[in-house]
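Here come two complexes built around chain A, the first alongside chain B, the second alongside chain C.
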Partner chain A sequence: MSSSLLAFSGHQHLRHRLVLSLLSGKHVKIDKIRPDDKNPGLRDYEISLLRLLERVTNGTVIEISVTGTALLLRPGVISGGPVVHECPLSRSVGYFLEPIIMIAPFSKKTLNLTLKGITTDENDLSVDLLRTVTLPHLQLFGLSDGLELRIKKRGATPAGGGEVQFLCPTVKQVKTLNFVDQGKIKRIRGVSHAVRVNPQFSNRMIEAARSLLNRYIPDIYLYSDVYKGDESGKSPGYALSLLAESTTGAIHCAEAISQPGVAPEDIGLKATRALLSEINRGGCVDRRHQTLVLLMMVLGSEDVGRCVMGEPTAKTVQFLRDVRSFFGTSFKVVPADPNDPESAQLSYSCYGTGYVNANRTLA
Partner chain B sequence: MSDQDKLLQVLEAHGEQFLQSFGLPTSGTSAKRKKNKSAPSSAHKRPKLSEDSYSSDEEWTGIQMEVTDFQEKSSELDTDSLSGDDTDFEQEDDGVIASSSAAPGANTIVFSENNYKDEPMSKGKMNSFMSSKVSKIRSDDTTPSQIQKGTPKEEQDEKTNAENDVLLHKLVHTQLLSGSLDPNLNLTPAHRRKALAGRLTELAGGAKMGKGEKTVRQVERNKASKKVREGLAQKQKERDQQQLEEAKNLGNYHPTLKKLFEASGAPASRSRNRGLKMGVGKFENGVLKLSKRDIATVGGKSHSGGKRGRARK
Partner chain C sequence: AELLASSQKNKRKDWIKLIYSSDLTPEEVLHGKKAGGDDEEVDDFFTIKHKSDMNQMEVLDMGKEPIDDAELEKWEDEELLESIRGLFITGDDTG
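Our next item is the complex of A and B:
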């Protein structure tokens, strides 16, 4: 066992540390997980995520301490294949899908993952945004054929009942990214859905959103997704997801989920205002997808990859630090426009590690 | 606030003046209404107000009164809104076109809420956006004109090929083979006559292309006696079989060409409907759906119009 051991502490940033460990092959030890909490140690969704990672990979050994406050991961080979996983009802399917999206292109076989649980939640990206925003970001790196996210059933909190199927092709090496021009917004699309409530709520959200967005560009289309009967899950809820696409292909997204006691018009307006503020921040990649894009840049071919984004979030900052511990790659972050002192855009560039998917079976 | 009070008073005076022109007893009922209105007006209280006005001793004098009621109410509603009850105003404001602002110099752009039309996006674009395949979500980026530009030449070639095929088919059946006047064929006069007749039936629409002569000969065959007819048919069958065998031997046969080799008299062998079906109705989603016609065919009491059976003489 000559591979080094990296030690971290704390439950934050758990997912991207596990992903980096699986990709780099380095053992990782995480301790002091919620030591002072009333319920110390790993939560049920974190343990479920570890179990899912075990199923998606082959030969991974995960050791959890008795109290659950420490964890050791010895990564194996990412195998892929057909996997069915039931997610606990404490976090939505997006929590589990985000790390899977990061590792799925490097698996041995095409990943066919079915996840059951809550599909739309406040804490994580909903499945609509995952399908329309996160997965198209993978297209920037050369992954498009066979990449699918099918939403079979929807499930709102707290009872869930949703089901999604994720299919991801394997790739030998990820392309180098050179995305510096953010362009101007050319169209806005949206998906609004309502399950087990009056279907007019979906239309009301769309009306409210349109009332704000119509003054900017003409090409706006908000689609009302209807699920009925068994496919609509077990709990009532509604949500609106919006995405804005620019002339160069940069996507910004925002969403709002229903809350008890709040009118659908307010939810529509909330989502719209969040979208407008995201667009205001600018950049080629919006804040929630910074880590995904930066990871793919690191795993690209041995060439300089460049991307212009807004300011990094706290998660992104810690991710960049961890990337340096795992892969030894550091990013050069400079202001994108040196002539304009007020612009908050930063240009992130790095030298790719030339990660090659050695697991891939060329069948 | 004194400005607002003044405005209120002016408006009230105006309202009362307006009402006096109708000759109605305004002071008593309007005071009543004003008392009721001073409480925060909610949607509940509004219908009660109308009832209050009728609970007084006045008779219902018809529609005119209602009209004035509404006008009075609207004037009072305005006063309420001026007093700064913002929530009420929002409730009552249902997409009315906003008037321009009072500031003289400001360039205001008027947006009326419901002026936009929900542009129906083309179904193809909608389907591509909502499809589960990620490669199709942004597929409308690739403009179809670009794709077409790549293959106009191929399209032209294809067109001319199809055109050529049609032309060839026509020629084959009009001039090249059935050309009855061609001396090289050594057609006997009878044969020539039949070929011409066949060609004519094709042109007249009585027969499909190439089958004209066959039709003519068949008609003639049917005129003959039974023995002759049967004999000719049998010989034809044998000949067809031999041709089929020859084609198979030469390697020219493929099951998809069955129709070409079978005698056109035999109808195309339709695929047998396999499986068990319901005798009547449609079984879908666990439910047997019967229409009125289905029930009639089974023999339930159908709505009998017309003769109810002949009366016995």
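Our next item is the complex of A and C:
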């Protein structure tokens, strides 16, 4: 492994840079982290994420400057194993799980991670979507047995109190992806939950969602997930998470979360409309999972992987640039259907690096 | 579908060039460079921070982007709801 150093600036895109560093073994230096801010430097959740990464690895050295505006990461071995982590209440567990899901398959031992904190918020994917949408995306790459996210307790903002357990098996190598047919939507699933409020709210969201969705297909199952007492966390809140699955296994998702003074019906409609808008965008991969899928394609065996998706998000654009810095891999991004100028679909293809989980073979 | 087509730029972008060999920030790649006002030109990769940028809310490293309420309003339109029927197994191919 080369130990060359890559330098970046700014607090943005911190998570995927840390992930790429851990996977590639390249050292990474990030400076100018909020230098002009009233409260300069790393935030508590970023420090917490660094701690968590330190825990799931072995031999990782993280140096943070006195002011907190610069950090140096010397990645160690991704070790996995049982880890318990308390997430700060400034971000939900989704913030921490998203990068963890990217590195966990390449650890030495099966990762058994317990995260405590907020389970659903506005900023990051909720645990429901991570469980029902993100994990199935890993299955495309040959990861399935023993992959699990258990929601033990829910925790709404601001006080949290939720708890989830993430189990991830290790792989030697990920499969090459060839996913170019988005298929047609065959079923819609959803999880609606309400904690520390009238449990009827959950059903009201489902009814509102059905009023829009029933016209399309009969295979709709929206589950009302009830958590009682201690399992429902410390704050009141409710949310509806929806996903649409196609005949070829493409999954699109959307969710909406309770806001003060907004009726549950409106939250239900909001989630449903957001889902329709995602379906309308098309592609084989949901927008929020572009980076995960692209990362796994880069790490795939030495063969050409292909995937059709919509336009990249800003996050994806930066991710593609950073992937080239870390792995030297660039993607070919061309219109999926050159004969149809109306189509916004793009075909992403790259030659896999043939990444082998060296950590596992050591065990 | 008409609404969508008009909102999208029909102009084809060269994505490979935009992503890998341009100095534009990811936001500029997607939405086009802001016209005018950029007197102090970009120094390589880093842009000079404008006063206005500093007062803005910090852009969080988020797993999902905020839902655009304005964008969702168009889904109140019955015609649009019907227009995506073709994307479901029950719809015909012409949809």
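In the analysis below, the second predicted complex is superposed on the first by the 358 of 363 C-alpha atoms of A that agree within 3 Å, B and C clash if a C-alpha of one lies under 4 Å from a C-alpha of the other, contacts with A are read in each partner's own complex, and residues count from 1 in each chain.
In this section, a contact is a pair of C-beta atoms (placed from the backbone, for glycine too) under 8 Å apart; a residue touches a chain by one contact, two chains touch by 3 or more.
Bear in mind that the values here come from a model prediction, so they are computed numbers and not experimental data.
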When the two structures are superposed on chain A, do chain B and chain C clash or fit side by side?
fit
Please indicate which partner A:102 is in contact with in the superposed arrangement: first for chain B, second for chain C, both, or neither.
neither
Just checking: does A:184 make contact with chain B only, chain C only, both, or neither of them? Give me first, second, both or neither.
second
Rounded to a multiple of 10, tell me what angle the C-alpha centres of chain B and chain C make at the one for chain A, in degrees.
120
Which superposed partner A:215 touches (first chain B, second chain C, both, neither)
both
Identify the partner contact of A:118: answer first if only chain B is touched, second if only chain C is, both if each is, neither if none is.
neither
For A:333, using the defined touch cut-off, is the partner it touches chain B, chain C, both, or neither? Pick first, second, both or neither.
second
Is A:138 touching anything from chain B or chain C once the two structures are fitted on A? First, second, both or neither.
first
Return first, second, both or neither, reflecting whether A:242 touches chain B, chain C, both chains, or no partner chain.
neither
In the overlay, answer first, second, both or neither for which of chain B and chain C A:150 touches.
first
State whether chain B or chain C is in contact with more residues of chain A in the superposed arrangement.
C
Tell me, in angstrom, the smallest C-alpha to C-alpha distance between chain B and chain C in the overlaid model?
10
Across the two complexes, find the residues of chain A that touch chain B and also touch chain C.
215, 218
Tell me, which parts of chain A touch chain B in their complex?
131-132, 135-136, 138-139, 144-145, 147-151, 189, 191, 210-211, 214-215, 218, 221, 223, 225, 245, 249
Name, in rising order, each residue of chain B that touches chain A in their complex.
111, 113, 116, 118-119, 121, 125-126, 129-130, 132-135, 137-138
The residues of chain C that touch chain A in their complex are 4-5, 8, 10, 12, 15-16, 18-20, 25-27, 29-30, 46, 49, 54, 58-67, 69, 71-72, 75, 81, 84-85, 87-91
Quick check: in the complex, which residue numbers of chain A touch chain C?
9, 11-15, 34, 36-37, 94-95, 98, 122-125, 184-186, 212, 215-218, 247, 254-256, 270, 273-274, 276-277, 279-280, 282, 288, 311-318, 320-321, 324, 330-335, 341-342, 344, 346
